[in-house]
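So that we are looking at the same thing, I have put the structure below in structure tokens.
Chain naming follows the written order as A, B and C, and within any one chain the residues start at number 1.
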């Protein structure tokens, strides 16, 4: 508790390039950038594979392998190979780790839609794209959002670890503090990151609540 | 992954006239020091296997209770969902105050993450028992305990083991983050690679961790085949 | 009966009401060599219900799905009013053909009203018009309008199936394809859905192709029934009555089942049945009589029950049939229900018009067997 007061009470922690607002912004920036890139790659691919039904096995196998990849190892490897001149060596592994959950859940979500529904949609004269956009995606949305949430959790955690390789973000308080035995910084930073992760979690709950049809989540009560 | 050409290209920016990956691995496998790769591997196994089984031990009764008393499920799942969202590094850091720089600091959070995955698996697994099967077991006079042990749990095994596979693979890879507090098993190779800086330890670490995960996954698949012979028999027909 | 006929015509009044579907030597062969439909030639006439019936593997669903090109025929032609469907862009073709499937296939993320309005939306109707049309149809298939704002999961299976029918009718297509639409609901609901369909059809006169594996359903609904055998060959195409009286071969005979004689009764009219009008007596009657049984009626001619000569104080149960409308099957059923062995004939308003004795029923049956 004292450490928390010390950390949050220190004026210099609230300003400058090493201050809390700046670090928070950095953390947000890296996370959003990585997640956005992963979304741009994984969602269209997942929709395509799920809709056409081709290449599904490859996706699942790759995704399971990806889960086994140690994030810290991947970060270190890319930084050693590509240097630290740009943030690329950090963004690449972040994106690589963020893709599988989105890809797999999008694919599984689309593929898992009741075949009767697909049949009915085509039977009423919807075209391929309309079937995907008007029927499959809304019905698969809970799973697609689950994939996004798992990815976001992964990205926030990995961004924290990326501070080890010199990247900014909230992880710096923790890792720098740990090496200089500044426990106020370690504890304060840890609490900040935990809060950040919780906000992300809440955000996704809200998004889910707003975007998923009550008919799919079966949220409304009869009468 | 470790084909000669690829490794050579990967190594070239850092070291001239490099030892091959396998030479480096052989030289550091058993140096007799605490941080020999062999010792790191053992540490890694301890820190990943304990959470996997501890999570099962915790998740089974919690899952069963959630099935028995439905109102319990939402809050339980909610709490573990939140825990699952917490990044591992800050959690390790916060735990240091209680358990110090020990393996426990890594094992405890990993156990919680595992529970977050396994509790829904147990609940879904028991939910996958068809109602007519449950009813006929009741009608034949099974006591609740025997029904659970001899009918419901065996049918739930495939779903629970699918959850176990996720837990095993992610635990094995997550342990390496512990390297940042000096308790990472094979993850220590990553900090060593970064500090020196030298690529082979990082590569060896990644390869060994992925191999370990694959072996664990394979063993769980095997366990599922042995425990549920009827699933394969059904597929064969 | 609902009086929504006038308003229900909707905006498609000027469009041609119905079309004839022709199978011209159609074969469906899959890449692995399986033949699902084998040189099928038949016609589903305008404004009639044609039922495809047969055991599983007889290609009945495949045949149906070739009409709206959910499956494409390998050989032969399917014509819609003489135009080969193979030449029409599938989505365009399908928007002009209503399609009802087993589990209804309602979109879970859309309210019932929007589910029904799916095809109108696709055809570019404006939203208000489409929704008005949807609400109209909701009532027409016998559902409460408040259902419109619900989601599919809030409806029972039978209700969902009604919505499925309404959805297929939304753009007023001249042709309706129904693929085992009622087989997933319980028998009581199924019967009411079948009655509802017949009622709707009497108003709408669509060209309907209906697939089922249930021969009773085929006989009840079909104007014409096509019995298909495994391998996709047509065994017989006939009106239900003909099917029952003259099955083409052993396969059809066996598929119809052992009680096809009894089922034939439902195609024999009660019109012209000889009735006795001298058996009715008012309530409280206790005079002497030669008849073993007398029918007690109220002052406005409603039946009360049978009394016997031996025990005039005990009123026994009776069974009725509507003269001319109900079949001999109902008349016999009514006769078997009462201890007197006579069936009470009533008019459409429920007033007693006479009693059919066993002898009279016998005569009618003998006549039917000869003719």
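The rule is short, and it goes like this: a residue touches a chain if its C-beta (ideal position, glycine included) is under 8 Å from a C-beta of that chain, and two chains touch if they have at least 3 such contacts.
Quick caveat, the model's predicted, so the values are computed rather than measured.
The minimum number of touch steps separating chain B from chain C is 2.
Ranking every chain by how far its Cα centroid lies from the centroid of chain C, the top place goes to B.
Each of A-C and A-B has its own count of C-beta contacts, and the greater count is at A-B. When each chain is reduced to the mean of its CA atoms, the one lying nearest the mean of all protein CA atoms is A.
Here the spacing of chain B and chain C, counted between their Cα centres, is 59 Å.
Remark: chain A and chain C have CA centroids separated by 55 Å (rounded to whole angstrom). Centre-to-centre separation of chain A and chain B, using mean CA positions: 20 Å.
Among the residues of chain B, none is found touching two or more other chains. Considering their complex, residues 68, 70, 90-96, 99, 101-111, 118-119, 122, 150-154, 167, 177 of chain C touch chain A.
Partner chain C is touched in their complex by these residues of chain A: 114, 116-117, 119-127, 130, 135, 138-139, 141, 213-216, 218, 220, 222.
Those residues of chain A that touch chain B in the shared complex are 64-65, 67-77, 79-81, 153, 156-157, 160-161, 164-165, 171, 174-175, 178, 186-187, 189-191, 193-194, 197-198, 200-201. The touching residues of chain B, when paired with chain A in their complex, are 10, 13-14, 81-82, 84-91, 93-94, 96-97, 166, 169-170, 172-174, 176-177, 179-181, 184, 186-187, 189-191, 193-194, 197-199, 202-203, 205-206, 209-210, 213-214, 217.
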